[in-house]
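Each of the next two complexes has subunit A plus one other chain: subunit B in the first, subunit C in the second.
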Partner chain A sequence: MRLLIIGFGFIGKELVKALRGKIRLLREIDRDFMVVGAADSKGYIFDAGGLDVDGLSAINRLSEHQGYRAGGSASELINEDLCNVIVEATPTNIKDGEPGLTHIRLALSRGIHVVTPNKGPLVLAFRELTSIAERNSCDLLYEGTVAGAIPIFSLARECLRGDKIIRLSGILNGTTNYILSRMFFEETSFDIALKEAQEKGIAERDPSYDVDGVDAACKVVILANALMKRNAKIGDVERVGIRGVTQEAISLAKKANYAIKLIGTIDRRLEVAPKLVPINHPLCVHGTLNAIHIEMDLAGEITLVGYGAGKETVSAVLNDLITVLKRRSKQKH
Partner chain B sequence: MKFDLTLALADKPGQLLRALEPIAKSGGNIISIIHERDKPAEGYVPVSLVVDFPSRQNFRDAINSLKNLGVAIIRSEEVVEKVRLTFILIGGVDLRKIIESRVEGMRVIGFEASTPKLNEVSVRMDIEVQADMVGEVVEELRKISKEQNAILISPI
Partner chain C sequence: MRLLIIGFGFIGKELVKALRGKIRLLREIDRDFMVVGAADSKGYIFDAGGLDVDGLSAINRLSEHQGYRAGGSASELINEDLCNVIVEATPTNIKDGEPGLTHIRLALSRGIHVVTPNKGPLVLAFRELTSIAERNSCDLLYEGTVAGAIPIFSLARECLRGDKIIRLSGILNGTTNYILSRMFFEETSFDIALKEAQEKGIAERDPSYDVDGVDAACKVVILANALMKRNAKIGDVERVGIRGVTQEAISLAKKANYAIKLIGTIDRRLEVAPKLVPINHPLCVHGTLNAIHIEMDLAGEITLVGYGAGKETVSAVLNDLITVLKRRSKQKH
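== the complex of A and B ==
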């Protein structure tokens, strides 16, 4: 397999670092595995004989790498069939999904497998992309789009095929969980907790994407479409953020043994809203943790807890990549 | 559906069996039975039963058969399962609207309001409701809080 990494931001770089230590593991599955290219928004590097992952992990910007082709685009490399799997890790854009949507569409239509932690394209075009992948018999794996390192899609795909998911609820955004946890434990106001999160780099300077529940709503859409066969769009999600949650409300909840958490729910309706979670409920996790609680016809209830953002997301990307390699090596034999 | 049934049986051998037969014949599944032999009153022993019937009609059939046999029925009623739900409302809410809302069997059993310094008023309400009415209660509260521009925080 020849891998092209698109996007050399946080995830792209962390992936390269992780690949350094895992290259032997990957080659045990696929002897011919190599990274042939990496692209950012302004150009790419490419070597048909395989790039040196050690060298790649030492640079901060792709343009520092020897042979960087400024002005070149990832789409050129995909169009020329110079790779057979891509990791699409450009920044999330939920307005039009670009540039990720174009990359993914193009790759799948050429039978190139896609692994992506990029929510935008899946939120906007889930059905379209999964049907292109099916038509061209290639993989589209997106474990990293929801709750980072928590292997929710893999679990459902591999281990719960016989079950029907009836209801799903979860803490799908680490930033808001951090803020609400600070308000719960330290009795600070929303404004102070937000400021603290921003200083720690947990919240963006413009926090609306997180605190107004947009990010969690995106994940609800992907989960509903992928696990519960819905055809949901972001507008279908009823959404209330956490800006209006007061310290007093959190104290009142605490006295009755509840915490207030921003919960994404999929049942009859799709919803993101602050909810009361009993403090002994498995969903009641704190800090930047994410948690997903699924209710099934046979298995009953299962809860998964883990980190939803940061370098842990690389685990999801790497394991999706391994799934692609395993499936193809099976086909060869 | 479950029913509570208290019968007064003559303190003579074979009476319990005689009373249980029509219940079983009407499709009743006995969940519990308390035969209070230590509390006979004027020759009668109270027997308390919880019986699961497939429908209210089956229950009525059992009651009629028991009456035909001359069994005295002290009490018979459907067991209504109740649950407690906690809600928090943030913002100006007219609580009368909630208390006066027409959701069947809903009762506000606990209430606490914050004393806000800067923020909106926050209120916690504990509500008791029939188990099969939970959905309706949540919908009603959603509606009321929306009308009044308040944030409703409901249980997961």
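== the complex of A and C ==
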């Protein structure tokens, strides 16, 4: 399999670093595996004979690489003569999904498998993209889009095959969980906790996407569509952020052994809102951790806890990539 | 695929009840799926044309079923002309693994796939059984042996394919976790908490297997062998139970925001012992819940929480069974 990496930001670079240590594992599954290209927003590098992953992991910008074609567009490389699988890791854009949406549509329509941690395209066009994938017998895997390194989609697909999921709820945004945890443990105000999160690089300068629950709502949409066969859009999620959560409310809750957490829920309704969670409940995790609570007909309740963002997300991308390789190597034999 | 169920105790009966509701799902994967036989310690029923699962789920003892062959032995049915897959759910016996060990050896050596929630054979003969399975191109799946409904083995196999597991730790026994939780929340003594657990049917009359950490040690052995390629035996596990945990120790810990939990650890050493766990750590779950904390090179830390015993274990058995059906239906096409 020939891999094209689109997007050379944080995740793209972390993926290349991880691939360095895992290339032998990947070649055990598919001895022809290689990285043939990498693209950023301004150009690309491509070598049909395979790029040297060690070299690629040593650079900070693609333009530093020998043979960088400035002005070239990723779409030129999304061609089945050039690659069989892409990792689409351009920045998330939930307005129009671009440029990821175009890349993913193009790849799937040309029979190229897609692995992506990019939420935008999945939030805006879940059903369209899964249909194109199905029509073209392609894999479209997106484990990294929700709750980072927590393998919720592959878990449901491979580990709970006989169960019916009845309800999902979770802490799906690490930034807001960090802020609420600081308010809970340090008894700081929302404003101070937010400022601290911004100083640490946990919250953006414009924190709206996180603190108003937009990011969590995106994840609710993907979870609902992928695991509960809904056809949800972002507008279907009733959404309240954490700006209104006061130190007083948190203190009162704490005295009664509850914490206030921003919870995404997929039930009859889709919702993101601050909720009281008993401090002894498995969902009640702190700091930047994410947690997903699954209610099922047979297994009862299972909770998964892990890192919701950061370099750990590469675990999800790599697992998806290996899934593509394994499925294809089976078909070959 | 033709399924033979061996053991008609709690799990065997719960499996049959679950199969009733899932038969359509199973036939979508393998249209020839049927339950051809069921055996208990005193006899069996068998019908090459398939047993009626509705009828089977309505009885309490196999001997109530029409055509019950008293005196017949399960081994007579473990024959590839009669079945392709067995669910081995006889009672756990960690002294000599019997009768499960004989059933599993026989099945695998005859090319019959094995799904089992029976710890004994896996604890005593892990490497032997996995070798026979490999030699005969058979599946040997045992998700139900550790932490009940928590799908730890399929998670590692299917969802964390690029990760290397560095360390595992967990609350692997629900009975002791119930006792320690009562001591933590209700400030009762060990003796009272144990008695209460016995009255509720959570602890056995002879509680030694649970409270002395033997059950948790069995799970440590299986986890170490399955997920970290060890060749561990039960004697390799350093083991301390919870009889020595006093109410005073728990109260002191609690004041410092710790709970005392019986933790199984797979690191360089294999260990089961009471440990201090910060009450805000994801592993710190209460009641009969189990939890497993996995440390990996890419995903960092993931914690899974769920029911460690009871009818929820059927979820694990059914997932294994579906895995067998899916793998075979792929080979057919």
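Everything that follows uses one rule, which is that the second predicted complex is superposed on the first by the 330 of 333 C-alpha atoms of A that agree within 3 Å, B and C clash if a C-alpha of one lies under 4 Å from a C-alpha of the other, contacts with A are read in each partner's own complex, and residues count from 1 in each chain.
Criterion: a residue touches a chain if its C-beta (ideal position, glycine included) is under 8 Å from a C-beta of that chain, and two chains touch if they have at least 3 such contacts.
Since we're looking at a predicted model, the values are computed, not measured.
Of the two partner chains placed by superposition, A:R205 touches none, neither subunit B nor subunit C. Counting the residues of subunit A touched by each of subunit B and subunit C gives the higher count for C. In the superposition on chain A, contact of A:G244 is made with subunit B only, not with subunit C. In the superposition on chain A, contact is made by A:A256 with subunit B only, not with subunit C.
Residue contacts after overlaying the shared chain place A:K229 against neither subunit B nor subunit C.
By the touch criterion stated above, A:L321 is placed in contact with subunit C alone, subunit B being left untouched. The residues of subunit A shared by its contacts with subunit B and with subunit C come to none at all. Every residue of subunit C that touches subunit A in the complex is listed here, in rising order: 18, 21-22, 25, 149-151, 154-155, 157-163, 279-280, 282, 285-286, 289, 291, 296-307, 312, 314-316, 318-319, 321-323, 326, 330. Across the interface of their complex, subunit B is touched by residues 169, 240, 244-249, 251-253, 255-256, 258, 260, 263, 265, 273-278, 281, 283 of subunit A. Taken in their complex, subunit B has these residues touching subunit A: 86-88, 90-91, 112, 114-116, 119-120, 122-124, 126, 151, 153-156.
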